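Note that the chains take the letters A, B, C and D in the order they are written out, and that residue 1 is the start of every chain.
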Amino acid sequence: MANLNLVQAINLALIQEMEKNDGIVLLGEDIGVNGGVFRVTEGLQKRFGNARVFDTPLAESGIIGLSIGMAMGGLHPVPEIQFDGFLGPAYDQLVSHAARMRSRTRGAYTVPMTVRVPVGGGIHAPELHSESPEAIYAHTPGLKVVMPSSPYDAKGLLVACLREPDPVIFFEPKRIYRAIREEVPEDEYTLPLGKARVVCEGTELTIVSWGASVVQCMQAIEKSERSIELIDLRTIYPFDVDAVAESVSKTGRCVIVHEAPLTCGFGAEISARIMERCFLQLEAPVQRVAGFDTTMPYYKMELEYLPDAPRVSRAIEDCLAY
Amino acid sequence: MANLNLVQAINLALIQEMEKNDGIVLLGEDIGVNGGVFRVTEGLQKRFGNARVFDTPLAESGIIGLSIGMAMGGLHPVPEIQFDGFLGPAYDQLVSHAARMRSRTRGAYTVPMTVRVPVGGGIHAPELHSESPEAIYAHTPGLKVVMPSSPYDAKGLLVACLREPDPVIFFEPKRIYRAIREEVPEDEYTLPLGKARVVCEGTELTIVSWGASVVQCMQAIEKSERSIELIDLRTIYPFDVDAVAESVSKTGRCVIVHEAPLTCGFGAEISARIMERCFLQLEAPVQRVAGFDTTMPYYKMELEYLPDAPRVSRAIEDCLAY
Amino acid sequence: MPITTAFETKIEHISILDDKGNFDEKLGKGLIPDADLVKLYEAMVACRHLDEVAFRLQRSGRMGTYPQNMGQEATSLGAAYVLRKDDWLVTCYRENCGLFWRGVPKEAILLHWMGDERGNAMPRPHFATPIAVPLGTQMLHAAGLTLAAKYRGLDRIACTFFGDGASSEGDFHEACNFASTLEIPVVFVLQNNFWAISTPSTRNSAAPTFAQRGLSYGMPCLQVDGNDLFATVYATKLASEYTRKTNKPYFIEMVTYRLGDHTTADDAKRYREQAEVDMWKGRDPIMRIKNFMIARKLWDETKEAALLERVAVENSEAVARAENIATPHHDEFFDAMYEVLPADLVIQRDTMHTHSLGQDPSQLPAEARERAAQMSAAAANHH
Amino acid sequence: MPITTAFETKIEHISILDDKGNFDEKLGKGLIPDADLVKLYEAMVACRHLDEVAFRLQRSGRMGTYPQNMGQEATSLGAAYVLRKDDWLVTCYRENCGLFWRGVPKEAILLHWMGDERGNAMPRPHFATPIAVPLGTQMLHAAGLTLAAKYRGLDRIACTFFGDGASSEGDFHEACNFASTLEIPVVFVLQNNFWAISTPSTRNSAAPTFAQRGLSYGMPCLQVDGNDLFATVYATKLASEYTRKTNKPYFIEMVTYRLGDHTTADDAKRYREQAEVDMWKGRDPIMRIKNFMIARKLWDETKEAALLERVAVENSEAVARAENIATPHHDEFFDAMYEVLPADLVIQRDTMHTHSLGQDPSQLPAEARERAAQMSAAAANHH
């Protein structure tokens, strides 16, 4: 057991799985000597050598396309995309190939790979370094999408991804890379993909969130006098609709919180599912606290854009008052 | 007034606007001599010359990136992407630049352009020729997304797009390119973006759809003995939430129909909005009839995948029975 | 010295058996043993015949859009002939001849174009990837596949094919650059057939050759007559030996011509002159080998007649195998999505013909469930 | 002839004023009038000084991540000096010196890195585009901008800058290919500074030069000493004259070196040797011109001191202008989205501090509205 932050927990998960499975190979921009711009892969090239941990040319489609080939060839590549905003050039390889290869070949070729991507805002970064594109990939059948919100979860979920036979995008909320520390077992454990975590129980209202927003939700809950249940999705696709439906059936009210723009964000899907599953139990419309339908502003105004605890509190109040 | 199909209506809209505005320039793969693989730009190169209608190298990111520059330089480019599935390589230029240039420069640079893309399934085409990616771009602030379902609408909407000061993706449902003919005025008219059309009025249930699915919805409505209102969104973003809310407030029930996969499709957003706006009027959960959360199958099974009239009928019945 | 030379290079063009029947003994002698030449010829004839069969299938509504290979048989065949059976062959969609040589069943290719994924699932015994529809993307996979082999210590290279048009895609550049900087043994073969649908190759490159696309990456580059089987064999041999030895990529432009329409959905008469097509008919790769073999007494019209008969039988058997496969069940496109199907997809799969999406009947209030059942029954009677 | 030459070429390297002070009179004489040289030198010094100012601003929390230009001043400056004021200058993020020469206000650049879009809205009087963050993407815009000008019959070219790393992106390839096949007059300038963050340039190209990236497209290619202002001026002149005359693109590699960290968020000591940095300090573009001018009696230490004083004042005024701009209002990031804001965005903008998203208070039932108001009031008291 060690007290680790998210970066360290991910680093540890990589080391431990790489020790076990020599098919795991890491690649990306500046992940070798430099250990990645967030130092997530620090020390790994030294430890595992240049063939297992290597820098690529600066080209994201190339990184993902190469990884797809490596996965088809029997490895489990772990490409890193340096920032969320630079998934864009890799979109086509992810959507047209990674997501389809198994289906296209009826299982003759598969693409086991874990794409690591720092995600989200809040670190005063330049343009295109603060995006939240999870809904885009949740809308792409054939991929899985994971986003941890704590060091413990990060390790357990990442290990699960590294053993997955299908492609996963593992989003790492960079805002909490170093903001939270917690006890993380040295021992091996996995957290199942597709299972949500009930962060705290409550009876009056359910909050559903994921990634760094979970922290804002906890702050809002601490300030509230009402009994609120918080569900951290952990996996965006496939998402744990049962856990959400069960909770909302109990509380009758729900607030969803995410950083991505409102329209067609993953909150929309959750809201739609809640209606389908809990219609007769719902006492108020599901509320969404999300990024606005604008481009993520440059950092001077990013805190105006990002959902924060006061906005979550207001939604809780509005929803409870309904 | 002429009896035109969708292809002809678009061709006519292009001709008429190009006559008026010499800043409109068409580019894309095989749009010149060949008139596009669907012949939508037939005759235009001959009419307007090689500088206004030209073939590009085979590279979609290049087509959109070049168009962005042309738009920043004062023209209104109309790039064609040959098939929906090949928007993928252009994703980054659309999302990282076209959608952001105005916001990034606080209006100093803008990107007036109309990206034409044949969309959707049902024509027995090979892989990646039958996709419905509208939700992806509706989730991208800064773009507008339009999809007509008839020749009349196609002309009026396209003319509106060609006069828009912001980038629009104009999806053309290829399944009905030649399947429907109707009277289309020669005279100039536009249909406002962001306004839905009530295709037929009804009191018991509202169907919301767009593109080629509107046709399946009409078939289902014809077979039904209930009083059903059909709303064709016409514009996906910004979408006419008022028209939808008004209708559902009246009927209390809603079915949404689209070809794209269910999860995080645009139906999710509509469903969430309906809950937000019509909670107390809703008598049944909003139903979604959509593509399944699988890759669009090769054409032998595409009709199993695509929402058809019987599936819409079943949803109507289920929703009314609730 | 203010002006110095930073880089200097020369790209060669190779032709061994030209369209007039001239044969360069120095380069060509012993390159292809006679017995092999006969087999290679037969393979080209069989491939060409299947093109015609497929065309007729499409015209009679038994197949969807199909891209004929006609005229380009010697390019992929030359490569497939040279490569080891465990080297990767990563193709686009106009390399049937090479794939068949490799052992890919003809019905696999037919099924693909019949809109059936099961074609892609058929045995690819010799490291051939499925047909790639999104242009320019598969070369990166070739690099990845080979890098995986290299990582595992295997002595395996890849040869990847793509068109003059596809070489305009950004992924082409990234694949070449990854292979060269990461030292991955890939032979890149650009098939320049002068057209990308209606777009002439001059719209996809303003350079005098496509071969020089490889210079950007420091690769050795070569241009060959792609309608000359001897030349394609020669080039692939040179390239594969180099790349196998050095772990570095090699770039080949094979100059050829698409004799047919782009696909069955295309009408090439809209954009190109018949004279051009006729000229290229005179450079047909199959005819060239036939004349060569006849001159060397390896072939005659009796053999030709027998071959055509055999090919017709084989091909119609392949069509029968493709057409006689059971109608697919809709479960298939669900079950192929993930190794373990997520619960929600299981529901979608199992209720797609009985329930609305997202409408799990157990969620309905009892009376509504009742009503729904009645209405369904009524509707079933009604329609 | 079985083996013929398909393509043959040579790329030259140009250096005029080298790091030892040697000056090639033949190429260099009259290239830059003395008065201009002084001004260009002053511009480089001012740019270098602003780098230091920005570094301190970042370290003291008054600015976000900032990429220093140090060592690369002569590349973009040479180009900006040669270009006409209505030629497009389409840059990445390490071309401050050229942008300032163009007349882009320093506070525009500072504001950008202070996380404020208003920096990009500031006057770009001379056809300069905003800093491009997604690497490799802006060269396509350069081509589009110039094509629009050509379409309008204007005599205007573009010069676009990007790094050795950025040249690995697919969009780089597409931009070069579009410019050459569509005959768009663009000068492509690859700044090879040997590093892309921690990635050495050998990981971004395996070729002996980056200049040869242009051969793929049939462009004329040139490599120059990018720390030699005379050479960058010479090359841009050659290229811009060619491209203006022919409507065809031209490719230049400028060899330079990033003397500082990649950005203020980077620590270059992690991945490169001090000895390498020291060697390149000896090749500093600014020092070279200073020594040259001193030797020609165009400059002395008195002038230097006066310059430094002036620059310090100017730069702190620019910082003041950047910092004294009014705090932005959140309306700004809504209002900038579309020319006419969609109704839904108007609601989001106007209710963002008072209501939940999607919760139009008029939709609440009356008693709930009442209760919500009370709770809000209570909450406001509580916190």
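By definition in this document, a residue touches a chain if its C-beta (ideal position, glycine included) is under 8 Å from a C-beta of that chain, and two chains touch if they have at least 3 such contacts.
All values derive from a computational prediction rather than experimental measurement.
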{"item": "Chain of greatest Cα-centre distance to chain D", "value": "C"}
{"item": "Inter-chain centre distance, chain B versus chain D - centres from mean C-alpha coordinates, in Å", "value": "37"}
{"item": "Separation of chain A from chain B, taking each centre as the mean of its C-alpha atoms, in whole Å", "value": "30"}
{"item": "Residues of chain D touching at least two other chains", "value": "117, 134, 168-171, 174, 177, 181, 203-205, 332-333, 336-337, 344-345, 358-359, 365"}
{"item": "Multi-partner residues of chain B (each touching 2 or more other chains)", "value": "56-57, 59, 61-62, 85, 88-89, 92, 96, 103-104, 127-128, 141-142, 263, 272, 276, 279, 285, 287-288, 292-295, 322"}
{"item": "Contact graph of the chains (line, ring, star, complete, other)", "value": "complete"}
{"item": "Contact footprint of chain A on chain B as seen in their complex", "value": "61, 85, 88-89, 91-92, 95-96, 99-100, 103-104, 127-128, 135-136, 138-139, 141-142, 237, 260-261, 263-269, 271-272, 275-276, 279, 282, 284-288, 292-295, 322"}
{"item": "In the complex with chain B, residue positions of chain C that touch it", "value": "64-65, 112-117, 133-136, 165-166, 168-171, 196-199, 203-205, 265-266, 270-271, 328, 330, 332-334, 336-337, 344-345, 348-349, 352, 355-359, 364-365, 368, 371-372, 375-376, 379, 382-383"}
{"item": "Chain D to chain B touching residues, read off their complex", "value": "117-118, 120-121, 124, 129-130, 134, 137, 140-149, 151-152, 170-171, 174-175, 177-178, 181-182, 332-333, 336-339, 342-345, 358-360, 363, 365"}
{"item": "Of all residues in chain D, those that touch chain C in their complex", "value": "2-16, 24, 26-27, 168-174, 177, 180-181, 183, 202-209, 211-213, 215-218, 223, 248"}
{"item": "Chain A residues touching chain C - in the complex, by the definition given at the top", "value": "25, 51, 54, 56-57, 59, 61-62, 65-75, 77, 89, 92-93, 96-97, 102-110, 141-142, 144, 165-166, 194, 237-238, 241-242, 272-273, 276-277, 279-280"}
